[in-house]
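After this come two complexes, each holding chain A, first together with chain B and then together with chain C.
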Partner chain A sequence: MKNPGLANACAAMLRRDLTLAWRRRGDIAMPVLYALIVTMLFPFALGPEDSLLQRIAGGVILVTILLSMLLALDALFSSDIEDGSLEQLVLAPQPLALMLGMKILAHWITTALPLIVATPLLAAMLHLPAAVIPVLLLALLLATPLLSLLGAVLVALTAGTRRSGMLLALMLLPLCVPAVIFAAGAVAAAQQGLPWLAPIVWLAAALVLAVALAPLACAAALRIALDA
Partner chain B sequence: MSNWIPLWLHKLSSPPTFYRFAGTLRPWMMAFALLLGAIGLYGGLVLAPPDYQQGDAYRIIFIHVPSAWMSMFIYGVMGVSAFIALVWRIKLAEVVAMESAPIGAAFTFITLVTGSLWGKPMWGTWWTWDARLTSELVLLFLYLGVIGLYHAFEDRRQGARAAAFLAIIGIINVPIVHYSVTWWNTLHQGSTVNIFGHSKIAWDMLWPLLTVTLATKFYYAASLFRRARTDLLALESGKEWVRQIAAREGKR
Partner chain C sequence: MTVADPATLLLEARALSFHRQDEPVFAPLSFQLKSGELALVEGDNGSGKTTLLRILAGLLHVGDGELFWRGQPMHRDTCAGDVLFLGHQLGLKTDLSPRENLHVAAGLHGRHPEKTSATVLADIGLCGYEDEPVRRLSAGQKKRAALARLLLLPATLWLLDEPYANLDRVGIAMVNRLLEQHTAEGGAALVTSHGSVSFHGGEPRHIRMHA
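Presenting the complex of A and B:
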């Protein structure tokens, strides 16, 4: 059998995960629905005053999206562990880090991208000024892959355990604090008419670092958790 | 030649040797901790003069500052032994990393509680989202995450390796805690005590602080030794040296 090239293997991995996600389209809608419902609860809990909602909108949307991504993260490796395909991936001749990077990318496309597409709707629900929405989208485009990458490392660590949901939240949320601070900082600055580029650039820098390191860390963590 | 140090360290990493070593040293460490703690607290709470602005309320630093230093120091120890555990797969390093976590979490918790007790009369609030306070809180969550992950696995060594990996990822937070008062100019004051250079604190207040700091170091060592000994017995149960100890204890 001929050894497939690296690019082919990456494309095959991505295609497989996207196809699997497409076959279960209902699951893709779940995080979006969750985010919609959580966002809907805030006006009820805090009162529907426009000025209050406008002030908290950026932060509420960021935290809501973070939480809905956290809920979806658990599924990143679980089905692959159940049917044993993850162990095949560990044994495959292709570098594990690259393959996991493709899996993380597929996961980001199927969970975070729908959330980002739905963000203008969430923003409208909380009366966020239209001028701020592009900054919010830019911050999310940088912050959500960061969360996916960080989350993937921790999901890989908990892969060998049975009860991992709450534990994942306990481990992931503290590490997310900087991403939330910078993303919310950019949105708040844009809302006040201040320059918002600096926090965005910080986010981008963190993302570059994570893209380079997280797949490697994820592979190492997975090897530990599966005790390969 | 001078290669007896690596040889001795290598020998020490074997569980029975460490068990005996820790057992001999532990009472001394505990005695030093109690003695120095008593001297330091007497010096700090009784001998040191009250502050010209804060009166007696400042005396909480004799608990708060040593605990805060320990919260970072223990994370450092945990990170280094976690690295050793992952790279060289030394069982003792796993034990040291995992048994440091609860002690470090306790010191972090003491730091946060004493800080907010002091903050109420001085800042007028129990808690504020200051950079130092937030990063210290994140440190507590990192400790709790390590402890939680360690106990989530059925196999203890596998759990220790996974938690060690998490500890290494979390070590980025330690410099953030340390430099948070320099990088962000928020409510928590900057550092007063410098190891290299001039400390901005009177000697009457400095010596009790350093004595209590030394006491916490000894307490950490004593506590770690005790925890590690128990853990080693559990991990190595079934090995010959543990059976001998069990037989000896059974005869008493």
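Presenting the complex of A and C:
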């Protein structure tokens, strides 16, 4: 008997989810289009006044990206539960938390990364100064994985309940408040020429905590979901 | 895989039962399964056959009674990788081909040293469909794609829930042949089925379920 080894198992899991996402690449574009359209609505609603748009740009982009990520979060585990892949994953001789971590990583790569790539475009639409964009990108690189991890725990907890999408939004959005505060704080500080490192470091600390704990929580929640 | 001593006791259940909302799903069961043995789980619809297999696979917790794997209390860590479960949901990603599905399974569970996904898919009768997305296959072919896992992965105990469903006559004969080979190599299997099972490798053990 030959155990495939942890690295092989992680690679197999990551490759599987990325291949699946690539086969349905139309779905990857949806959150990006949603974010573009929502951002476009703000100048229409508030008027094309530069100073106003600049002042709210950071916050608007953060909230828009958060909501766009929420669109795709629902499907994180549901298809695996429906077709029995999750049962096979639970029974594999591999640490379940690590395998789920790989799934979350694949999900972040396919939903959050395209949004981050589109962020300079969103920033330009709201006249955010170019000098602030690197800070915004850094904040998003730390805040979006945090949201993916928190979201994954809630998706795992609501797995098996019907119409869990709305419930998920109601549960996740309050938990996102700290991430939004720190990310928006960093962007606002950079816009005013103040030091912006402290909120970024807070985000990084929260991300480290979530990376360590969220996959474990997901694994426990999904084991309970199957044990019913 | 090392061929086990034919008399090795693999699985033992002592007064195993399971409750759902304080209602017993099946009456306490006691049975043993040695290497080289095949057990047929029989019972009417709703008698708890699938529940029994899910308990043995480790998906459901043991209600009352005890379960031993090779003499040790059965737990995720003591039997990980040794048990292969094939349920009603086949665990196939429909956007991937049978070959890709097998690669994922082998990446997670490991593989038989002398087998490759190509030979296994040919053996299982999916020649020419290796790279077709699973969603385009017929129900019987999907079943075969899932059964290919039995050949590729190194497991001692097979837990098969209705392995004959959706298969044609050739497919049913093939499942019987797989079971014979597996038990001849020192493996064991628990099979639930409504259909007739013609097993040539000795008299199968019968486990009768009562609600």
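Structural remarks
Note that in this section the second predicted complex is superposed on the first by the 226 of 228 C-alpha atoms of A that agree within 3 Å, B and C clash if a C-alpha of one lies under 4 Å from a C-alpha of the other, contacts with A are read in each partner's own complex, and residues count from 1 in each chain.
Heads up, the rule we're going with is that a contact is a pair of C-beta atoms (placed from the backbone, for glycine too) under 8 Å apart; a residue touches a chain by one contact, two chains touch by 3 or more.
All values reported here derive from a predicted model rather than from experimental measurement.
With both structures placed on the common chain, the touch criterion links A:D83 to chain C but leaves chain B unconnected. When both complexes are overlaid on chain A, the residue A:A225 reaches chain B alone and has no touch with chain C. Of the two partner chains, chain B is the only one touched by A:L173; chain C is not. When the shared chain is aligned, no partner comes close enough to touch A:R55: not chain B, not chain C. Taking chain A as the reference chain, the count of touched residues is higher for C when chain B and chain C are set side by side. Within the superposed three-chain model, A:L91 lies in touch with chain C and out of touch with chain B [touch as defined at top]. In the superposed model, A:H127 lies in contact with neither chain B nor chain C. By the document's definition of touching, of the two partners only chain C reaches A:L20; chain B does not.
When both complexes are aligned on chain A by C-alpha atoms, chain A residues 227 touch chain B in the first and chain C in the second. Across the complex, chain A meets chain C through its residues 1-4, 8-9, 11-13, 15-16, 19-20, 23-24, 82-85, 87-94, 99, 226-227. Of all residues in chain B, only 86, 134, 138, 141-142, 144-145, 148-149, 152-153, 155, 158, 161-162, 165-166, 169-170 touch chain A in the complex they form.
On chain A, the positions that touch chain B within their shared complex are 153-154, 157-158, 160-161, 163-164, 167, 170-171, 173-175, 177, 217, 220-221, 224-225, 227. Across the interface of their complex, chain A is touched by residues 1-2, 57-61, 80-85, 87-96, 100, 103-111, 113, 133, 154 of chain C.
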